[in-house]
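You will see two complexes here that share chain A, one where it goes with chain B and one where it goes with chain C.
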Partner chain A sequence: MKKHAFIASTLASATCTLLGASNVLAAMNSDSLWEFDSAFLIYSEPDRVSALEPTVSAKRETTNGGSLFFKGVIDSLTGTSANGAVPTDRAKAFTRPSGDGNYTINTGGTPLDDTYHDTRLAISSDWETPLSQTMRLALGGNISNEFDYMSASASARLLKDFNQKNTTLSVGLAHAEDTIEPEGGIPEALGLVSEAEFDNRANDDDNSVTDLLFGVTQIIDQNSFFQVNYGLTDSNGYHTDPYKLVSLVDGNGRPFGDNSDIPSVIYENRPEDRARHSLFGRYKRKLDSGDMLDLSYRYSTDDWEIDTHTVDIKYRFDLTGNRYIQPHFRFYTQSEAEFYRPFLLQGEGLPEFASADYRLADMDTFTIGAEYGWGNKNNPWRVSLEYYLQEPTEPGNKFGELENQELLPSVDAILLRVNKRF
Partner chain B sequence: MPATLQTKPAHFVLERHSHGIRGRFKAMASPCEVLVETQDEQLAENVVTVAVNEALRIEQTFCRYRERNLIHKINNANGEAVAVDEELARLLDFVDHCYRISDGLFDVTAGVLRRAWRFDGSDRLPSRKQVKSLMNLVGWSKAHWRIPNIQLQPGMEIDLGGIGKEYAVDRALLLAEEISDTPILINFGGDLKANRAPTRQQSWQVGIELSASAKPQPFVLSLDQGAYTTSGDARRYLMRNGKRYGHVLNPRTGWSVSQAPSSVTVKGDSCTETGVLSTMAMLKGKEAERFLQAQGVEHWIQR
Partner chain C sequence: MKRLIFICLLLMLNACSQLGVKPWDRDTLAEPAMAVSEQPLTDALEDHTYFSKEAASGGRGFGGGGCGCN
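Our next item is the complex of A and B:
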């Protein structure tokens, strides 16, 4: 009887070489080098802002194992935005931000600036290249332009793999320079809104932002990973929103001077320095059923005394035939800025900084929605619909006529996003 | 009787099937089918289309009967070296490896022996002299293969038919899996592979016609996942003086292997791999069982 050599394992590895290699080969031959992604977002706050935002991005893998990425976004905003002034029981007129004429707010209405419109164009690029078997470098650049705002930034990120690529440490540095050139110029900080004030305005101001980021990504097993990031953002310059106002109210809680229908309002003013620390943790897991769980939490605190907590939960149900549905829930809460003032009192000394912008108030926001995806790897579609509710906390120090008014009504919005890769 | 959904211009038929949707077509001289566990006709059509295209591409690229492909060029180079593309280079590396680990039993140059052997059920055996002269043209070791050039002796031929269909099944399934992760089974003329077990039924039920016995009978194979290949064709033989000469030829002697099984089926991870093992088992003749046992693979042998 003959003894037969064991050849099955060497045959198996030769087959792997044959099929594995030919697969890569076919992928190289059949796929185009660039992968494009397009998205269209509609954001709508009923009676307030609406935005249309088309996005196109392109990515390609470079021959050395790195990648190149470009992205372009056009944002088109129209509608009205709360100007910060308090509502009251008489109709009142506001000077437009340009100084060119007035708009009138009827009794009891939240004062909304009806000239809110903007188009933003942003272009960004990112280039990642391996430096060694375990080290990668990513360099990025971004330019964003609006009619009253211009921002340019550059970033660098170094990633190092450890532990057979199961652990990745990253360190990043980014710097942005912004210029703001508001319609009508830079208003006088805490200056009384009047047509005369427009004569003394500077044209523009600027702001610079530096970010430092440290991150750890740990692969737990084949189906899950955990990520922790710490970020420090230091921002210095003009942070004031030139279109936001603060009302000066009298002893009856009304924002008028003597028998005038011109409200007594001043321009807001914010500190020039802001430093923020943030901590982010994320856990993502693919379950045996093919479903996917994605949990994240973010905490941030800054020297304006705004502390935030964000919890984000996504669960992706894997449906048959390459389809999925992914419900999404997000909760966000923030404490108010130390200089947040829903209104100021006439006749009292002005503080150094004050803003009535509801985005700096005590606030909770809720996002609930779902994304539906279908199509194969080469032809995927995604559509998501989300409801977004911002619920600021009504100030507790209201008095007189202010008690009859809702200073910070809830703002809700619908977001519809369509995404297609090709 | 399954309801036919449509006949596609790419020459396949899509029909409803107990597993979902089935695409049927002919390629590599065999009936082929692709089972896709879905009710989504568009998805099924996409999956079947890549499988059909890949089968036809491999047939055109590697079939020795087609003119204007590299195999034809190599076989008609008259002793000159021919540079090959990357995919054929990988395949030649693979057959080179198989030749060495099989001690010369797996040999893609053995096809010329067909000039002497015609398995038509008659008693017309070739003469010793005829076989001996053809053996000058048989033997992978006589070929010079060094990437990217292959050089054969004048008159020699290579034939990748021994692994072409199996390779096509593996390739087609790889491409199909890029489109969808739904359960898919690909069956090219009895060489079949499933990416995973079906979810709606316990296992795939595939009717295959095993031509293992002289009277072919439909045979239902039940499998979950993995690759199955079968070698053997009991209808092709010669009979002389009561002795049966099966169609399996030993490339080292040029003669029909005695006591070869009538069919060998091997289960494994890929058809390319199990195809080589089932072919080798046939060539081992009466040692087929012991050979496959030594490999530790699941197998079924009919004699």
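Our next item is the complex of A and C:
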């Protein structure tokens, strides 16, 4: 109930924000060539993370037929996040990520880090310009900053039209340089959580990501087109989540050392290299009734042995008076990373890599909801309400006390979004 | 292998050349709702949400970096 009240009050403030912004942006837009777009997203998991994400963009056509695009996003997160440790039948205390004090988890509860908070500010721009009658170049840049993470990236895409502009081939390259500076410093990989460990920490670490993207967009007939993309993402550097832990359990399935209420947990460690391939296909069609179908599928595989499939379906019912309602369904499934370990055994040698982050486990997710649009056909209001469910697969190798515990409970969330273009 | 990929690309382009419409028949395709990226802000918000909750990202666009949420 508390969450619903939170959503209601936040929706009210989001609407006011957009209404206020609409007056300002409409005034700015009345005598300029700029087109403004805005959106406000509320993401809420009961008893876990809540996020507010307002975003605004501005776009204008340039005199040579190209375009300029700017976008700003603020992403504010609060709440709690699963720290990866197993639940057990005794209360237990965890050292805070800063090393300053503890937080206690009661009997049987999923260990949640209650210090989770963040605010991200991201600014991006894109410039597209024609190189010839059938070729365009798009250059982009992005800077994103949060209290423990910074990212800067640049991208370039070349688009070439064929077959009377019925076929467009594209090739793109993007590179990002990220720096992570976690609260409390970089923990020792697979190191036992202890106050002494904080004395030997580095302040920060880096990660670089290179993306290569090839695409084909093909007009099929007067009412439909399809799109196929192949992407290769190569990432090198610090991939570990410095706030995630892995439990060391004893022969009874309990994560405690001798005569202690302090759980026996270590920091996770992930490989420094990751290469991911993705294949994306999409079909979009306007039907004779005026309704519209937007269907997509994505397959991805990487060298962490995570394979994924995603199906996304949107069907827009065209209503009278420039109104529409668009149900949305999305299904996603992934296999677990080769180093995913829901827990490790005390007294056994540690593997080179280990993470108990449920986002690397076998998992299915479902999204179901609908968007309603009304107003000016080119610049409508849109409101979307969706339910998002994450269902990780419970580990099959539980024993002892672990068999009495649910290690990977489902996580559900409500997503509420308001859009307005000017 | 490279030759096979090249031949497949040529065949695909040839197949694509059989599809399509004349420029004056694109009124429906020119509608805002039929754009490849009709709602870029919504797409970005969706991508960011799923990027922070799932192990895969990208597909319709570039997939890597930019956030410490995963």
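What we mean here is this: the second predicted complex is superposed on the first by the 387 of 422 C-alpha atoms of A that agree within 3 Å, B and C clash if a C-alpha of one lies under 4 Å from a C-alpha of the other, contacts with A are read in each partner's own complex, and residues count from 1 in each chain.
Methods note: a residue touches a chain if its C-beta (ideal position, glycine included) is under 8 Å from a C-beta of that chain, and two chains touch if they have at least 3 such contacts.
Please read all numbers here as calculations on a predicted model, not as lab measurements.
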Please indicate which partner A:T320 is in contact with in the superposed arrangement: first for chain B, second for chain C, both, or neither. first
Is A:R417 contacted by the first partner chain B, the second partner chain C, both or neither? second
So, A:N376: does it touch chain B (first), chain C (second), both, or neither? first
Does chain A have more residues touched by chain B or by chain C? C
Check chain A for residues that touch chain B in one structure and chain C in the other, and list them. 377-378
Hey, which residues of chain C end up touching chain A in the complex? 12-13, 16-17, 19-23, 25-29, 31-34, 36, 39-42, 44-45, 48-50, 53-70
Help me check something: in the complex, which residues belonging to chain A touch chain B? 1-8, 10-12, 14-15, 17-19, 21-23, 25-26, 290, 320-322, 376-378
Going by the contact rule at the top, pick out the chain A residues touching chain C in the complex. 37-39, 41, 43, 53, 55, 57, 71, 73, 75, 77, 118, 120, 122, 142, 144, 146, 148-149, 151, 153, 155, 162-167, 172, 174, 176, 178, 180, 207, 209-211, 213, 216-223, 225, 227, 229, 231, 233, 235, 276, 278-280, 282, 284, 286, 292, 296, 298, 300, 304, 306, 308, 310, 316, 332, 334, 337, 359-360, 363, 365, 377-378, 382, 384, 388, 390, 415, 417, 419
Chain A contact footprint on chain B (complex, rising order): 38-40, 43, 46, 86-87, 90-91, 93-94, 97-98, 101-102, 167, 170-171, 174-175, 178-182, 268-270, 272-273, 276-277, 284, 287, 290-291, 294-297
